[in-house]
Amino acid sequence: MSLDALQAWLAMGGDARYVWPAWALALAVLAGCALHARRERRRVLDALRRPARRGGMEDKRDAHDPA
Amino acid sequence: MWRAIHRLGSPAIFYAVAGRLQPWCWALAIALLLAGSLWGLVWAPADYQQGDSVRILYVHVPTALLAQSVFVLLAAAGGVFLVWRIKLADMLAAAIAPFGALMTLLALVSGALWGLPTWGTWWVWDARLTSMLIQLFLYLGVIALRGAYTAAESGARASALLALVGVVNVPIIKFSVDWWQTLHQAATFSLVRPPSMPASMWLPLLVMVAGFYAFFVALALTRTRSEILRRESRTRWVRERVARTTGKAAR
Amino acid sequence: MSFRLEARGLDCERDGQRLFAGLGLSVADGDCLLVSGPNGSGKSTLLRMLAGQLPPQAGELAWCGRVLRHGARALRANLLYMGHAPGVAASLTPLETLAWYQALRGERGDDDARLAALEDWGLGEGAGIPAGQLSAGQRRRVALARLTLTSAPLWLLDEPFTALDRDAANLLEERLSAHVRAGGAVVLASHHVPALTVAMSRLALGESPRPDEVAV
Amino acid sequence: MGAGDADTGLATAWAATLGRELRRAGRRRGETLAPLTFFALVIALFPLGLTVQPERLAGLAPGLLWVTALLATLLSLEALFRDDHADGSLEQMLLAPQPLAALVLAKVLAHWLVGGLPLALLAPLLGVLLALPAGSYLPLAVSLALGSASLSLIGAIGAALTVGLARGGLLLSVLVLPLFVPVLIFGAGAAQAALVGGAFGAHLALLGALLALALLLAPWAIAAALRIAING
């Protein structure tokens, strides 16, 4: 892959300013979602390993149903 | 059939089944996306009119399709949750809604980027871009409503109902916006309806679409499993599973 | 008219805490049941389940032997439920509010009967002014005036004695006793133990984790 | 014992609920006229903000009138169930032996009679402020009358979904404005077509179709939303 062929490819026929940001953004979003999912899973597992506090705070109090 | 729904509907079984499927989905998604990207960026021909900017098609079309499919799935899950009260359906809906909104946003931005060289401006009131913009607001409404109630169960049910109302309106909105565009603009080159494509262009597109959908399935499985752990944290089977995985790295 | 509301195996859990489980009860014509228990023990939740409003997480309701799908019309047609909020619109006069509640049950009724009911409850002169200008106790009495007018045999009353003065409380106790003697049924959630002239059975929530079957 | 038989029972309950709503609207004239004053006030602002040249103003008039009428309707939606929820009447409606969707329809009809219809009648008058030619007064009013009925039905779904929430108003607009888009497109389209002397029949027909669909589906959705808001 000669150097200038690479440069021609990178230039995207003059549309580099549009093509690369679009793909970069797509990659960023997908990678971001994947990493977030992994981190979320680890956070949930860690929270479960610590002795659960009484009445976990995740599900909020129920205001619609006064006892 | 009823037995099957209830059996699959049990979070424990779904958690196990999804756990086994998940690694394969991730692998498939990454493979397809890599192949599709290389094919779309390198080997696929440029368009004789638009030149290389058409390559944004390989990002814009999959995200637009996925954005619509996720909304339909959101409504279906909402319907199942409202009618049969299967909690797992709501866990799935909570897990996939943000991703659907992100895909809509990505579709909008890539659409604008694709239109830029042709129109010279960032935003044009093109029919499909406009429909996607409205769909983004529908997504935000569904997500916002879920968190608006103090009782998590009520928020979930309200959000499910809004998703159902929304999915009925999506085709109506699309029809009215298309109709509206024919009134207001001469049929300019409608960016998003790609010109009839030769096989060399739509094959990589097919691979990219498959890659995005595989990615969505993998993400949905992972996030739903986390949601299950979070909501069923007080059940015995969750405590056992967590205890078992404390030893080796959590899969 | 004989009727029976049966509840079987009702569960209620809120924020991971089990309020009651496997609760069963049966209320028929001529019965009066007092549901008591500390705040947060699920008294109101139980009453709203019995009114067919809250689909119980488990268990079922049956009206005259037929199991009810959620909120079936048969139960609602024979039921008068009174919650914490009296249900009296501020911009309407008591007469108009009572007329609306009768119309909701498909009955037209007439103003004389409504005025008589209001006078029963000591609201004769307040009948024509918008309820917004009445006190909380008076608005509560407007709601209670429905007890005089309604044709519903089963009454589910949630804390009806709140904001009532001495003679309104006596009046309510009389009204409840008369209704039960006439073949009606009352399920009452209340901290105040009413002095009724009819037999009254008790269901205590919140003390024992599994309240046993209460056959009234 | 027990309620009147099914059909007369429903008619009585329905008529009584409609009467109740109209009577309450009559009693609270301030709140009832608010959308109309908002409508007139905002229309009066546009020439100040935009232009006073009749031709340009007239060209924008249909769109401006329609969008402002839509926002005025949105303004009045939050109060649709708020008071009934607060004083407990809504809970009693859920317990009435009548189908909730039918009772809710009576409330929405009252909301339209007191809100949408007056807006439609007022619009041509305000069109004068925007140099709208007289020829398009009637189509404008008809499109607004027809369209605002759909807006009331769709908006009531949002009002029911947010009835119990503290600051429900803002969320209500986020929920319903996207759903208002088709009505706005065909409504403003009709008024615009009338302005340029084009055929506006198709627009009104489509508005009618939207109304029919809303009448068919919205009451069920509103009833379901109220049950979620009240009973969770």
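Letters A, B, C and D mark the chains in the order given here, with residues in each chain numbered from 1 onward.
Keep this in mind: a contact is a pair of C-beta atoms (placed from the backbone, for glycine too) under 8 Å apart; a residue touches a chain by one contact, two chains touch by 3 or more.
Bear in mind that the values here come from a model prediction, so they are computed numbers and not experimental data.
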> Which one of the chains is farthest from chain B, going by Cα centres?
Replying inline: C
> Does B-D or C-D have the larger number of C-beta pairs in contact?
Replying inline: C-D
> At what distance in angstrom does the C-alpha mean of chain D lie from that of chain B?
Replying inline: 33
>> Roughly how far is chain A from chain D, centre to centre by C-alpha average, rounded to an integer in Å?
In response: 41
> What whole-number Å value describes the gap between the mean CA coordinates of chain C and chain D?
Replying inline: 36
>> Centroid of chain A to centroid of chain B, CA atoms only: how many Å?
In response: 14
> Taking each residue of chain B in turn, which ones touch at least two of the other chains?
Replying inline: 149, 151, 153-154, 234
>> Among all residues of chain A, which ones touch two or more of the remaining chains?
In response: 56, 59, 61-62, 64-65
>> Touching at least two other chains at once: which residues of chain C meet that condition?
In response: 16, 48, 54, 84
>> Applying the document's contact rule, which stretches of chain C touch chain D when the two form their complex?
In response: 1, 48, 51, 53-54, 71, 73, 76-79, 81, 83-92, 96, 99-101, 103-108, 130, 151-153
> Can you list the residues on chain D that touch chain B in the complex?
Replying inline: 157, 161-162, 164-165, 168, 171, 174-175, 177-179, 181-182, 185-186, 189, 206, 210, 213, 217, 221, 224-225, 228-229, 232
>> Per the contact definition, I'd like the list of chain A residues that touch chain B in the complex.
In response: 9, 12-15, 18-19, 21-23, 25-26, 29-30, 33-34, 37-38, 40-42, 44-45, 47-49, 52, 56, 58-65
> Okay, in this complex, where on chain D does chain C touch?
Replying inline: 1-5, 8-10, 12-13, 15-17, 20, 23-24, 27-28, 83-84, 86-89, 91-98, 103, 230-232
>> Looking at the complex, which residues from chain B come into contact with chain D?
In response: 82, 134-135, 137-138, 140-141, 144-145, 148-149, 151, 153-154, 157-158, 161-162, 164-166, 168-169, 172-173, 175-177, 179-180, 183
